[in-house]
Amino acid sequence: MPTTYHRIVGGSVHRLAAISDGIFAVAMTLLVLDLHVPVLEMLHAQHPLWAPDAIGGEGQLWHALARLVPRLAVFLLGFLTLGMFWLGQQAQLDHLSRGDRHLTWIHLAFLCVVSLMPFSTALLAQYETYRVALLVYWLHLLALGLLLLAALRYAERAGLIRPDAPAGLAAAARRRIVVAQTLYAGAVALGLVSTYLSVALIILLQLNSAIAPNIRPLNRF
Amino acid sequence: MPTTYHRIVGGSVHRLAAISDGIFAVAMTLLVLDLHVPVLEMLHAQHPLWAPDAIGGEGQLWHALARLVPRLAVFLLGFLTLGMFWLGQQAQLDHLSRGDRHLTWIHLAFLCVVSLMPFSTALLAQYETYRVALLVYWLHLLALGLLLLAALRYAERAGLIRPDAPAGLAAAARRRIVVAQTLYAGAVALGLVSTYLSVALIILLQLNSAIAPNIRPLNRF
Amino acid sequence: MPTTYHRIVGGSVHRLAAISDGIFAVAMTLLVLDLHVPVLEMLHAQHPLWAPDAIGGEGQLWHALARLVPRLAVFLLGFLTLGMFWLGQQAQLDHLSRGDRHLTWIHLAFLCVVSLMPFSTALLAQYETYRVALLVYWLHLLALGLLLLAALRYAERAGLIRPDAPAGLAAAARRRIVVAQTLYAGAVALGLVSTYLSVALIILLQLNSAIAPNIRPLNRF
Amino acid sequence: MPTTYHRIVGGSVHRLAAISDGIFAVAMTLLVLDLHVPVLEMLHAQHPLWAPDAIGGEGQLWHALARLVPRLAVFLLGFLTLGMFWLGQQAQLDHLSRGDRHLTWIHLAFLCVVSLMPFSTALLAQYETYRVALLVYWLHLLALGLLLLAALRYAERAGLIRPDAPAGLAAAARRRIVVAQTLYAGAVALGLVSTYLSVALIILLQLNSAIAPNIRPLNRF
């Protein structure tokens, strides 16, 4: 009876956490592959800084680096997004007493979307003025939120949550996801006017949620 | 006597699990490197969406992304395959009391095949209409199945399975591998007619086994 | 109340350590991607070494490899730097009784800078004679030091340090960071004369701190 | 006193094992990046296999894959080498009661050489007929062996080995490294005649040590 097999797999929350950490770590580090070292047409020989023209030669590289700043901002966005969802997933896994195969596959689907993140981030970095790229990025955020929500709901219904988990844990996590997703949707809607506005707003929202300043109402999101 | 060395290595199931998680995580994330952000010939400046031509400019990127869909399907296939074998390996490792050097090398051979998966997946994505690519992918699946089977058999014979492991564990895992491999072989045989059919069938088989719907007889595979 | 969510996330020092190990491991290994196998214009067929011209043919590859030595030195620098900060972070995490969301975000910011290291290292390898590249690398070092300092200060104030941590732990770690950063700043200042001098000095400082020879005053840094 | 800092870092064998597993996992998986999917000049449309010319079209890809076999062999060599040294390092770490900063830096140097392995492996794959490439690979093997030996010796002298470690552990590990390195040196010496011979011999030696057949005298290495 194959159902026996289904009962013996996926029981280890520890290993689910381990592969999650691995995939998040690789995805976070691959984001940076999109930042290419600029290629200058000609390299200059080195002079002491007080020699004439020494500073002029540096200027070329300086300008090339300055042109990378928008990409760096998108990299930062990608890292913040992954960090946020890593924390969200961890908050769930930390409070499970055990896993099962359904829960494991929901989390694997979540990790599959996570591993696509370097692609969406690179797309947004390349096509910052395109609404299509912003839309793809937002669908990404939405999918991550919905899958975390599904994992939470399944864990609740299957009785996988630790008995000593703080009361209201699931409700707080759920509210958190819904509020964040609503704000993202609003930020993306502003992309009808300008995609730069949307990206800036999403970064601000995520920075706010990362820093969680002690100012009302900012600390409620 | 070198055999002393042989006796002191490979005893840690914990570290075997750790390197397995690492290799699976990297292999799963490298799959996405095959999805390249499309290059458009000319970038357009941004206009508010109500400006004339604003939507026309987006269409170009939209079409470029649509052309990536078959590759995305192959990426999904690769991720599902790796997820499935990760679970299968985990089901074994979770129930071992200890390892030894032979078991470790069987699992390292398994991980070696796992680390080749991004290659086979990229090959299939590039040559979707070629039976040779499908054959390589299938040999890959077969090798993974056979190595898991070998690891299981060795663990049984060497008495490495935990005494408190559920009865019938090994038999269930074995049956599972044999059934899955038979179905894969059947799906690949249909590649004589069309490779698309084969790939679609393998994806469906794996999705079925991931979702394990509560419908007979689908939940038996 | 979203603050409930804020209270339930980031409590696991174990998972923070796991994702840190993952990001450091990937960043350390990606450094090597910058070392490209040289491309020779024509490959020679193989002759036994005593055949005429056999050694001449090898010479070409030998010279191509010799030209990689400066890049190898920069790779070594990058690896040493990451190793040093990995140890520094570990020294902190090992002595925490628990984490919280603020601490986790400080460490995620630290890891974000870590994951940018392959970029800065490649930049320095490509533009060894440019002060701008050296400056970027130094800002990197500075950011890593400041973030570790911030994490330490926060952990102290939030009472996250284990009660059984050795007395003077925080003070020693703090002094260590300040001394190292001062020395780095001095080494970089010498870059006004020559960037090679700066890089050589930084490597020596880090080697000294890695080897920690039993010679006064070298073992004090 | 900075020596306080030196005393508080590097104590965690667990985290040293974790970053080792991470670096080995990434290095093992990066080896495969050297296997490029072949590019055919023209793709063919798909016909059922019984249509005329269907098989001819496949032949092209088949030949392109066959040309990858030598690279696959070098990939296998790289994976075997890394697997062997991973096991060797694990055998040491498993029997340590604790670490210290010197031990950690010896292992970090070891990991640094490990992370260079994809480079040496790619070099050997590209320049199979060049003795220089073989020499670089061998220096790599030698460095790994010597660093493991240094780590072992240091652990013994600093009293870091667990009291319950099997007697003769260190002697067996040391003998193992010396025997293996002697055999490698012999195999490489044969490269004076033909590098293919050397590579084949090293693969055979490593396969023998991985499989450890129950045949005298093969099971003594």
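A, B, C and D label the chains in the order they appear, each numbered from 1.
Basically, a residue touches a chain if its C-beta (ideal position, glycine included) is under 8 Å from a C-beta of that chain, and two chains touch if they have at least 3 such contacts.
This one's a predicted model, so the numbers in the text were calculated from it and none came from an experiment.
K.L.:
Over half shared numbers or under half: where do the identical copies subunit A and subunit B land at their interface, same or different?
P.N.:
Because under half of the interface numbers appear in both copies, subunit B and subunit A meet with different residues.
K.L.:
What rotation angle superposes the Cα atoms of subunit B onto subunit D, in degrees to the nearest 5?
P.N.:
The rotation relating subunit B to subunit D comes to 90 degrees.
K.L.:
Just give me the whole-number Å value for how far the CA centre of subunit C lies from that of subunit D.
P.N.:
Computed from C-alpha means, the inter-chain centre distance equals 24 Å.
K.L.:
Just curious, how far off is subunit C from subunit B if you go by their C-alpha centres, in Å?
P.N.:
33
K.L.:
For subunit B, which residues are shared contacts with two or more other chains?
P.N.:
18, 21-22, 25-26, 30
K.L.:
Which residues of subunit B touch subunit A in the complex?
P.N.:
Per the stated touch rule, the residues are 17-18, 21-22, 24-26, 28-33, 35, 37, 40, 43-46, 48-49, 57-58, 61-62, 65, 75-76, 79, 83, 86-88, 90-91, 94-95, 166, 168-169, 172-173, 175-176, 179, 210-212, 219-221.
K.L.:
What residues of subunit D sit close enough to touch subunit C in their complex?
P.N.:
Residues of subunit D touching subunit C: 1-12, 15, 18-19, 21-23, 25-27, 30, 101-102, 104-105, 108, 111-112, 115-116, 118-119, 122-123, 126-127, 129-133, 136, 192-196.
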